[in-house]
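Across the two complexes that follow, subunit A remains constant while its partner is subunit B and subsequently subunit C.
Here is the complex of A and B:
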């Protein structure tokens, strides 16, 4: 569908479109500002660009940063996939899809390969993505240094001076106490050799996918009013020590109960009848695809 | 297999929304009119307008009804609506001397020029449940209104302007003025730009004015109780209507488009020694509608975040301004209801690994001893 078709459909067929809202809900000035901030974010990989986050009919903390990015870049001919924790049918994913569809009429898919634009909460799809695609991540805490410093004024100075000693000390103290780095999700990474960045609450499993990826990754934090990006073919390196290496989650000896995959991020489920522990692919779209094969 | 994925799906979501609608509509009572909310629950409507940062009594009353009385949700509905409206312009700044006052008190002086105007308040009502209020027929209401009006003495009309209490002290050079931005500087607009810290005062006042009443009260109360050093005296508290003046987009001529009910508080705080001698410092609060607690708390926080060496949370500007927005904090608090099983799985993995190492070390130690 083209933009003019969207507009014409709204004019002539009362029920289908929303004449009372602009295409993609936000007004053109707001969308343009967000696109400018995205360009800045792409130009400075890993740097958090402040933006005038708009209020949406979706609650703050429910993906409003991601939604604002999606609304600002979505074209009528895009094919959109929205996932939450890897799942296409999770309540938050369904709710966001429903909203974007109502205000743009854009086509929806669950197939990672088919989608041109993917908005996600807490997972990167298992299937590799390409240059044609953009992945938009919803971010609750954009500040990777928040763990060691609560003040925004101070963390911004630390970033400016590339003063990351406290973050390294945090990891070191972790090792002293537990003999292991205990950070699970939100594992801090260095982007393009400069900024330490919060990759949003994706599991460590997904971190290697960010490194030198073909796809543009855009990160939106609506409540915290920050946008940042990893452009294609950018180095993304998790923080690690020579003798305490970064490691992804360990699913050795497990396989998905449905599709049999042994190379995917798995959800642990406690069977409510037998009390047994079962494992299933977190990426449901991929799991379904494998089952159909 | 007992496995059921935590999936909502469109049907489940729509049914959950319908169930809420039904909760609101069930029961045999007459539907609550939006006009009734606006007229009879006016303090609630005022609060929602302030926190929703949109002055629209009709819409606020609608939001209250739709949200079944949840103030945060109602304010959120207003904000979400607000964001869809284009920003056509800014109103012309109004000195509050021109306020059409309906209530005005000072706690600093017994007798102030212009006099104390108590207006309408529930400050001095005994907090006894009045069981007569339970019976609410239209006839009874009319009779009560008649009785109230019959007993009222005819009062002289209030003057058009009241002198500001704080100006008396200002003339005596007893007030330390907050630094004013150069006149050419347009005020910061928190709805369009992201706050940076330290925030300019115009941004701080806007953020506080949109803040959640309970949140402002909590932080201000912590300051007055001792986690702070402001010791406020209410120089003046006013409730009234301010003219809303806008400039015509073509002619540039300003004209009055209506009026806005606001509550304004000026507090005098502990004096400090500035370069040319000791002075009182001032905190300022102004919010939509009749909400005195919010205006006073706002004024205290405006002053407290100007403290040079803030030792308590309420004196840390970034801390206060980052946490007073009810819509933001409510949204984030509620988001914990969303599934977190991917991140939790990652945490489980780390915990199991750390425990494995711990247990292995324990076994080693036991072997040695």
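Here is the complex of A and C:
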């Protein structure tokens, strides 16, 4: 038997995914624990639920938190999209979708509108999502207060008491030093008026999409062993002062070099040959769609 | 005994439960039960969540032929006193006030709390005859009027409201009817009991 034959062996009973693993790779006990923690996360928006992160055939820090959530909920009829920094074709995204496809038989897409389940790192797609979709974010550092407090025991107590004064002080000092809030990504938000939460390393551009969204957002940190969530129609407010407001990145005067978009989050690329600064849509699926029009 | 496809049914059941928990007050249908009998839908749901790492208590069970032994056999979950259990299964739609004594978690670990699963006769979308109750909070666009929950003891929603008065402490409730329809009221939901 060749390697590719072995990898592509399908179940005899008509079930989806590979024959020699449980459906969706994880064993049932692991999936049940992750499912219980996902439910708690949804019931307590913004609160980080500890979970027993499992070993996967991917190194921790490469999206294992997101993968474990995806594997615990994915159905064979789902249509899966995986993106990394907005890109469907990066090594991380391609490997994750191939893995999930092999162990579940799920269909793959690059089209945000077509997808029912989207796993992502660093971006929320440009196109608005709907009630029938779930977005799973891979999170490296789930603790929003880690910048101001290194101890987990202390940050947990701060969350328990809703004592966020040091986070506000951090923003204040930032303003004193730079005359504005300089946090570029992992911008802290208040969820449901209670917990301060790290929205993962999405750009500020994507933060407003979290507020009162139609879509369920699930966050998984594999290395840090935390799951948290923002249910649909939940208030998500970035931290700001009345006279120093939260604002998104400014791309005024720029346009995507490929599709010409002026209303998307753009990545700055320096051309190797000419040394010129170029701008491209970070969401490649959306950019491709615009190019095909 | 695990049969082929059990894991798939559990996965499907959980996905619906996740939808229901993230959209409180709305009714969703579980996939057709893997097992026959009156406890089929309940067991399908519990099989997606329970194992030897968690405990459960059944309230209002009907003796040795009832639900408790079935859950223990099918999920390997342990029986515990209602005040300590991770899952409180209310078999007859009336907790007799036990949910007020169930675990609500601690401020540092609000997730160390019980999940309450009510078995009721039927969940109906029709308003009007139902309890005069509106829900609001995460998962609900503005406000939702609760449909009829047939077989739920009067006063039970009031107790749930009391158990969840101190967010983030509280219990998360799942209602499941004999046809396998589910509806959730997590602790983040504000329950408003209307006058009259």
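What we mean here is this: the second predicted complex is superposed on the first by the 276 of 293 C-alpha atoms of A that agree within 3 Å, B and C clash if a C-alpha of one lies under 4 Å from a C-alpha of the other, contacts with A are read in each partner's own complex, and residues count from 1 in each chain.
The rule we apply is simple: contacts are C-beta pairs under 8 Å (C-beta built on N, C-alpha and C of every residue); 3 or more make two chains touch, one makes a residue touch a chain.
Fair warning: this is a prediction, and the values are worked out from it, not measured in the lab.
A.B. asks: Put the two structures on top of each other at subunit A: do subunit B and subunit C fit, or clash?
C.D. replies: Subunit B/subunit C on subunit A - fit side by side.
A.B. asks: For the overlay on chain A, what angle lies at subunit A between subunit B and subunit C, C-alpha centres, nearest 10°?
C.D. replies: Here the answer is 90 degrees.
A.B. asks: In the overlaid three-chain picture, which partner chain does A:163 touch, first (subunit B) or second (subunit C), both, or neither?
C.D. replies: A:163: touches no partner chain.
A.B. asks: In the overlaid three-chain picture, which partner chain does A:282 touch, first (subunit B) or second (subunit C), both, or neither?
C.D. replies: In the superposition, A:282 touches subunit B alone.
A.B. asks: One more residue to check, A:257. First (subunit B), second (subunit C), both or neither?
C.D. replies: In the superposition, A:257 touches subunit B alone.
A.B. asks: Between subunit B (first) and subunit C (second), which, if any, makes contact with A:216: first, second, both or neither?
C.D. replies: second
A.B. asks: Touching A:127 in the superposition: subunit B (first), subunit C (second), both, neither?
C.D. replies: The answer is neither, since A:127 touches no partner chain.
A.B. asks: On the superposed three-chain arrangement, identify whether subunit B or subunit C touches more subunit A residues.
C.D. replies: Partner with more touched residues of subunit A: B.
A.B. asks: Please provide the least distance in Å between a C-alpha atom of subunit B and a C-alpha atom of subunit C in the combined superposition.
C.D. replies: It comes out at 9 Å between the closest C-alpha atoms.
A.B. asks: Quick check on the output: what are the common subunit A residues between the subunit B footprint and the subunit C footprint?
C.D. replies: Touching subunit B in the first complex and subunit C in the second, residues 22, 29, 33, 50 of subunit A appear in both lists.
A.B. asks: Show which residues of subunit A lie in contact with subunit B when the two form their complex.
C.D. replies: On the subunit A side, the touching residues are 21-22, 25-27, 29, 33, 50-57, 59-62, 64, 84-87, 89-92, 94-95, 98, 121-123, 140, 151-153, 178-186, 201-205, 223, 225-226, 249-250, 257, 265-269, 271-274, 278, 280, 282, 284.
A.B. asks: Considering only the defined contacts, which subunit B positions touch subunit A in the complex?
C.D. replies: 1-3, 5-10, 12-13, 76, 79-80, 82-84, 86, 189, 191-198, 318, 322, 327-328, 330-335, 338-343, 345-351, 353-354, 357-358, 361
A.B. asks: Once bound in the complex, which stretches of subunit A touch subunit C?
C.D. replies: Residue positions touching the partner: 13, 15, 22-24, 28-29, 31-33, 35-45, 47, 49-50, 72-76, 131, 134, 156-157, 159-161, 192, 194-195, 216, 229, 231-235.
A.B. asks: Under the definition above, what is the set of subunit C residues touching subunit A in their complex?
C.D. replies: 4-5, 7-8, 10-12, 14-15, 17-18, 21-23, 48-54, 106-108, 110-111, 113, 115, 137-141, 167-168, 172, 186-188
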